[in-house]
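For reference, the structure discussed in these notes is given below.
Just so it is clear, A, B, C and D label the chains in written order, and each chain counts residues from 1 on its own.
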Amino acid sequence: EELNLHLTGDFHAVTAANNLLAALIDNHIYQGNQLSINIKRVSWRRVMDVNDRALRNIVVGLGTTLDGIPREGGFDITAASELMAVLGLATSLQDLRERLGRIVIGYDRHKNPVTAEQIKGAGAMTVLLKDALNPNLMQTLEGTPALVHTGPFANIAHGNSSIVADQVGIRSGSYLITEAGFGSDVGAEKFFNLKCAASGMSPDVAVIVATVRALKLNSGKFQVKAGKPLPEEMVAESPEDVMAGAANLRRHIANIRQHGVIPVIAVNSFPTDHASEHAAIGAIAEEEGAAWAIAEPFSRGAEGMVALAEAVREAAEHGSNFAPLYTPDMTLTEKIETIATKVYGADGVEYDIKAKRQLADYEAHGYGNLPICMAKTQYSFSHNPALLGAPTGWTLPVREVQLVAGAGFVLPLTGSINRMPGLGLHPAAHSIDIDADGNVVGLS
Amino acid sequence: EELNLHLTGDFHAVTAANNLLAALIDNHIYQGNQLSINIKRVSWRRVMDVNDRALRNIVVGLGTTLDGIPREGGFDITAASELMAVLGLATSLQDLRERLGRIVIGYDRHKNPVTAEQIKGAGAMTVLLKDALNPNLMQTLEGTPALVHTGPFANIAHGNSSIVADQVGIRSGSYLITEAGFGSDVGAEKFFNLKCAASGMSPDVAVIVATVRALKLNSGKFQVKAGKPLPEEMVAESPEDVMAGAANLRRHIANIRQHGVIPVIAVNSFPTDHASEHAAIGAIAEEEGAAWAIAEPFSRGAEGMVALAEAVREAAEHGSNFAPLYTPDMTLTEKIETIATKVYGADGVEYDIKAKRQLADYEAHGYGNLPICMAKTQYSFSHNPALLGAPTGWTLPVREVQLVAGAGFVLPLTGSINRMPGLGLHPAAHSIDIDADGNVVGLS
Amino acid sequence: EELNLHLTGDFHAVTAANNLLAALIDNHIYQGNQLSINIKRVSWRRVMDVNDRALRNIVVGLGTTLDGIPREGGFDITAASELMAVLGLATSLQDLRERLGRIVIGYDRHKNPVTAEQIKGAGAMTVLLKDALNPNLMQTLEGTPALVHTGPFANIAHGNSSIVADQVGIRSGSYLITEAGFGSDVGAEKFFNLKCAASGMSPDVAVIVATVRALKLNSGKFQVKAGKPLPEEMVAESPEDVMAGAANLRRHIANIRQHGVIPVIAVNSFPTDHASEHAAIGAIAEEEGAAWAIAEPFSRGAEGMVALAEAVREAAEHGSNFAPLYTPDMTLTEKIETIATKVYGADGVEYDIKAKRQLADYEAHGYGNLPICMAKTQYSFSHNPALLGAPTGWTLPVREVQLVAGAGFVLPLTGSINRMPGLGLHPAAHSIDIDADGNVVGLS
Amino acid sequence: EELNLHLTGDFHAVTAANNLLAALIDNHIYQGNQLSINIKRVSWRRVMDVNDRALRNIVVGLGTTLDGIPREGGFDITAASELMAVLGLATSLQDLRERLGRIVIGYDRHKNPVTAEQIKGAGAMTVLLKDALNPNLMQTLEGTPALVHTGPFANIAHGNSSIVADQVGIRSGSYLITEAGFGSDVGAEKFFNLKCAASGMSPDVAVIVATVRALKLNSGKFQVKAGKPLPEEMVAESPEDVMAGAANLRRHIANIRQHGVIPVIAVNSFPTDHASEHAAIGAIAEEEGAAWAIAEPFSRGAEGMVALAEAVREAAEHGSNFAPLYTPDMTLTEKIETIATKVYGADGVEYDIKAKRQLADYEAHGYGNLPICMAKTQYSFSHNPALLGAPTGWTLPVREVQLVAGAGFVLPLTGSINRMPGLGLHPAAHSIDIDADGNVVGLS
């Protein structure tokens, strides 16, 4: 199964549309700045599909009178473009057009937001993105069709498959399975409260993927480092260690249920797992009154997923009672606090001065009815990756809040976020080449 | 006939490969700069396929210790990338790989050139450009196959169709017609002395496209402004005005002949032309002993080209006696002066201090055997667009000389060159949109 | 009485010495960077004695290979230079030389501090500052001698008259009166714990200057705006309003006493005051067991200060029992918390991640024994100017901690600090001129 | 004899006034830019009295909305400030005020010049420069009074002592001796045609200082390198080598005479000279009909200058017939060509496109009546330091022309000019220090 999003041209289209808007903004300023754009408050950044840290913070417009107006700017990686989230949340071409028009590119000298519509860029962007709005139909190794579409990161955007792909999928079969990246506090929360609000669709069942490894990790007994092998004692058979992380799974189950949706636990089986450990997960699910099944897609393919599929089918027959946790008329602050306390288990929220000022500003400019898309680590229910299990007794800090008006949400930042990766000391590109026969080498 | 190079992905591939190398350069500097690259002398620029004047001159690498090393840089438009010229001159995938490795990205602190090979970027660039090396097969409205491949500008690069496309074409039919942009002093000179040297191919016939309009213009009697209609007196029937511009056509004919190639004059017919004017062109051709024919592709399609085709076939039967004007072992200065005096009709060449230093530097570093690709206006045989006809008694100024080692030539600049256009007061993008039915509007 | 520090050349000398060090740093980097200075972590900024906001954040070193290495930098106003604090705390020319050598200008690539000594700039700076180390002898309108020397701001530095001036003064008369800017929580705290530690001197008496206006303001009943006249109701006779602000004065008295020093309250008389209000201040002082006197320098000159002088003389006879609140061997964190809780009345201190990292770094590099110079607003005992009276139940936030190793202290920042003012819409300079007779106009 | 211009504060005053204007310009732009200043065409640069190459090319105004508007700028060394030339050419305080008001700081968006008067900075600058306008009275070791005032460089400004100092001097004794830096083609030409026009004064006699060394050098027989000892064969007795450089001295004599002034040749004696060589210089003078005397100030003090003084006194009795070479009503181009052909001995002048455009622009804006202050090397009558003797058969290139409207001249650049020096690998500052007794060491 080879999957290359670049082949479909979506990333190129997003790059082109994003940077066309940027060029139109700087051209507007250069041509007399009729909209009185404050050059210090242009928030629309350029994008590039290359890991290039040197482009994070730049000064543009240097040179002669013919070379534009100087200002500070920067590049993000293409996947971090607001357009990626817009594509994922648009419900039709016309809706895409409207969302693009609503993009806020910065502020004018009177402190009012300036939109892509005012810059006269939304029409041309729509044309560039027209084809990228169509989902890409792929198939699995066994021939099952799969729609692969848009890649908004779950830590800076909503992290779900596109609405358009779901619309196509729901009309093409009996069941639609759609992915919401990371746990119930990240992808699922955004699926329920943000994506469902945009799509008007509602889920019947939510599958929670549980692993022996993750539960052991959430026991807090082990130190795991990225890029290093797991500690030996974590691989040894120990249903007790699985049980020690149970609080984490229990909160995920509760999070699904408080949205009125039936959870089914998929125990994602790994070769290093032991049957007693799978049983421990099953025991937790049963204590919580949730159905569960062992899933073995890696070792057994579709055959290994039948048990899970049946559990889901059965659950789906009960019908859902879906309701979002907050309504559009609540204030931004109320929405943030709802998520923090009900989903994350925080005692409350504390805002930096800057964040408070931004929230007030967005409310004042009519963006108070937008949903929240929280930028938070996926490694903890909290903002702190070190707080494992189901932490309590902590406060969620919000340092900054960004307005993502085109995608249609408000993005509180609970930690530092890097939207443009850098290359390492030995980048993969150093090893990629062609051999004497013209074959590509070094890709794997 | 719809032709969109973007569809084929070539521009995206060039953009990606160009910017990957840029990222690798800045990453190399950031990771300790083992090659001692002089950050003030990195000549490799980033590219983007958007008209964005604000990116011409930028400072990158601002921010914290994690955000790279600050230096001045800039973006060109993708078509101006050296990679476009490399694609056009590569004769095979292996040759592409080698040319990419030879790209000089700048200089180190000891004033030695640094190559893409040293940066370990050439392999990955080759992989990104692999598919773009294949020519794109299109067809005309009447179904004639046409290979459309690479778009190097003739004023900053060699301005010819790709060697690979020619190789495919020559194997696919009896005659290969390939284009060399602009006149005998620009595209043809580069075709003969640069592209043929790279491809090892040699031409039988050269078609010179002549128009009534161009000859009248070269009479020096009329003022024509871009974007304005032609002056009325220029449209009126006047074979005398055509004859008044004859010197220009005569020099084009002589330029072809001094390369040992047989010229055929195609009179490209326009609706506003008069028969007496076509006859005037024919008279000039006959005086010079060259075959000629009227070409009417616009009004009569393939039918309108038969006469020209027959003239070309007949000429081709004579066989060519092709020889380039200079040989690799001549010094760069000798090559430049050969082109200036023999092709352009200059009395000589004068070099700025900077240009002299650069030529000496390139010779010293072993690039003295490269051919010349002159950056010159297409509006005059000279560097000065105002010198019409076949000017004499002037000197060619060379202000700066760039090394384009991957493409494999040395580029003397005889005027100012802009590699990144800007948008106008009313950019086309302002009018492009979709209508209520989702159709694209405003593109034409 | 005309006082122009510029006349004495101190500001010019500080500017010259500060910028010489900056030039030596950039020259060191340019000439090969033997010390491996991290250009992203050069903390030494240039200074200028002009209000110029455009110089706050700049990029230097642009241009050709001959024009230096690019990096981000900036200018502060001369008075904010570390050198001003160094001059104020140096006890001799040799001590000045040593302090200048200890200045930390930034960090190298191995994260070690780099000093002015390593840059070989401390000697030449000493020579430039040699004369500026000598105090300037001025006189009052009545002929009383006054030493005016160095102007370190109390919000970003220690805000006290120079040690050298005190040394000269103490040898020249029976009593030395020296000023510590702002209240017991700002100038006095730094006088006791920082300046006395550097000078080895100890005070006998501390005069607390109290005003009717300040106590009324600290009642929290009135809104006062800079540049606007006082509210009428605040000017009306009201000893009750004075008493309502008593907590503020009481804490100042306690702050003096906890350093073992005898406080004397000077009631600084204003024309708008009422006798009943002066009496209220006196009553507060008496309740606290402190001597007090009315001071009328503005209306009655030296004569109006006799009562205060006698109260001070009497207090001085009791002898002091001075002791600093903390000792050098305490950790930086312990010192900060001592000041916050004992002097400011905070419940505790909370540190930003950055501040914690910096404190650990300074301890690790051997700067843990330095005293603390807190950067805090003078408008409240807390960091929040709105908290009047003697606030309790709050936490002091420390966002960042700067190392001022030459002056010899560590500077925790408890709010945002601007070290380079900007000009207003109508700067004074617009009105300054000479008239037809060559006289200066517009200065007052 | 110790001479430190810094002591007099002139350089500090120039620095302060120069940078105040810069701050007012950026503040004007920041506060709404009522004058529509084109931020790409602000030519007023900041200055600093430190050799700091990193400040040559900078970007200012980075940061938040409060931190100004970004643009490219830079620093020159204080001596290169236009203000230094203004001080040197002002004839009174009122004249100073007017010249400061006429300073052109850049251009607005309509391509009109913007003056310091419009920026409302000239008044305050006058006040800052008021004291610096007064000459500084120094004395020689033998007690002869000397006025030392202003230091405009002769290669970028007019290189003469100030008019105010001359006015004071002429009233204080029988003879005024004033210096014009470098030869008859540099300082003297500017003295005659620029300074005399501003002052209204006229000279009686011009002393040409000739040396054996300089004439030998102008023979073209020797290679002299800065910082290296003279070649041995140049030091050996050789009146022939002196005579071989005679053409150079003859042209200096002719240059003086064509301004109607009587030349007197001072043979500046060096210990390594031989009597026969002095005699050779005398012979050249006599051939040209000019008086001459040997001057020995270094070895014999005032006594050694008596012979020269008597030659000057005698010459002065003849009375001068002074007339400038050009008049204000001539075009800028005519004035430049007059100097080039009559004084430098050039065949003519060639202008870069940029220079032509600038000259036309200055004429159009009413600056055509200004005198010329040529920026040219002092090492040759030509622009090329390698052309020794009295070169003929060459053309003067003018690359750029600057408007120095406050000083009151137009400055054609005939080579590259560096207005901000850099420090070397071992700057003097590295060695300067105080010793254990507080004495300054390392200054000499």
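As a working rule, a residue touches a chain if its C-beta (ideal position, glycine included) is under 8 Å from a C-beta of that chain, and two chains touch if they have at least 3 such contacts.
All values reported here derive from a predicted model rather than from experimental measurement.
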{"item": "When chain C is superposed on chain D by its C-alpha atoms, the rotation angle in degrees, nearest 5", "value": "180"}
{"item": "Furthest chain, CA centroid comparison against chain A", "value": "D"}
{"item": "Rounded Å distance, chain A centre to chain B centre (Cα mean)", "value": "45"}
{"item": "Chain centre separation (chain A, chain C; CA means) in Å", "value": "49"}
{"item": "Where chain B touches two or more other chains at once, by residue number", "value": "59, 62-63, 67, 69, 72"}
{"item": "Inter-chain touch pairs (all)", "value": "A-B, A-D, B-C, C-D"}
{"item": "Sites on chain D touched by chain C in the complex", "value": "9, 12, 16, 19-20, 22-24, 26-27, 30-31, 48-63, 66-69, 71-72, 93-94, 97, 120-124, 126-127, 130, 422-423, 425, 427-434, 436, 438, 440, 442-443"}
{"item": "In the complex with chain D, residue positions of chain A that touch it", "value": "38-41, 59, 61-65, 67, 69-72"}
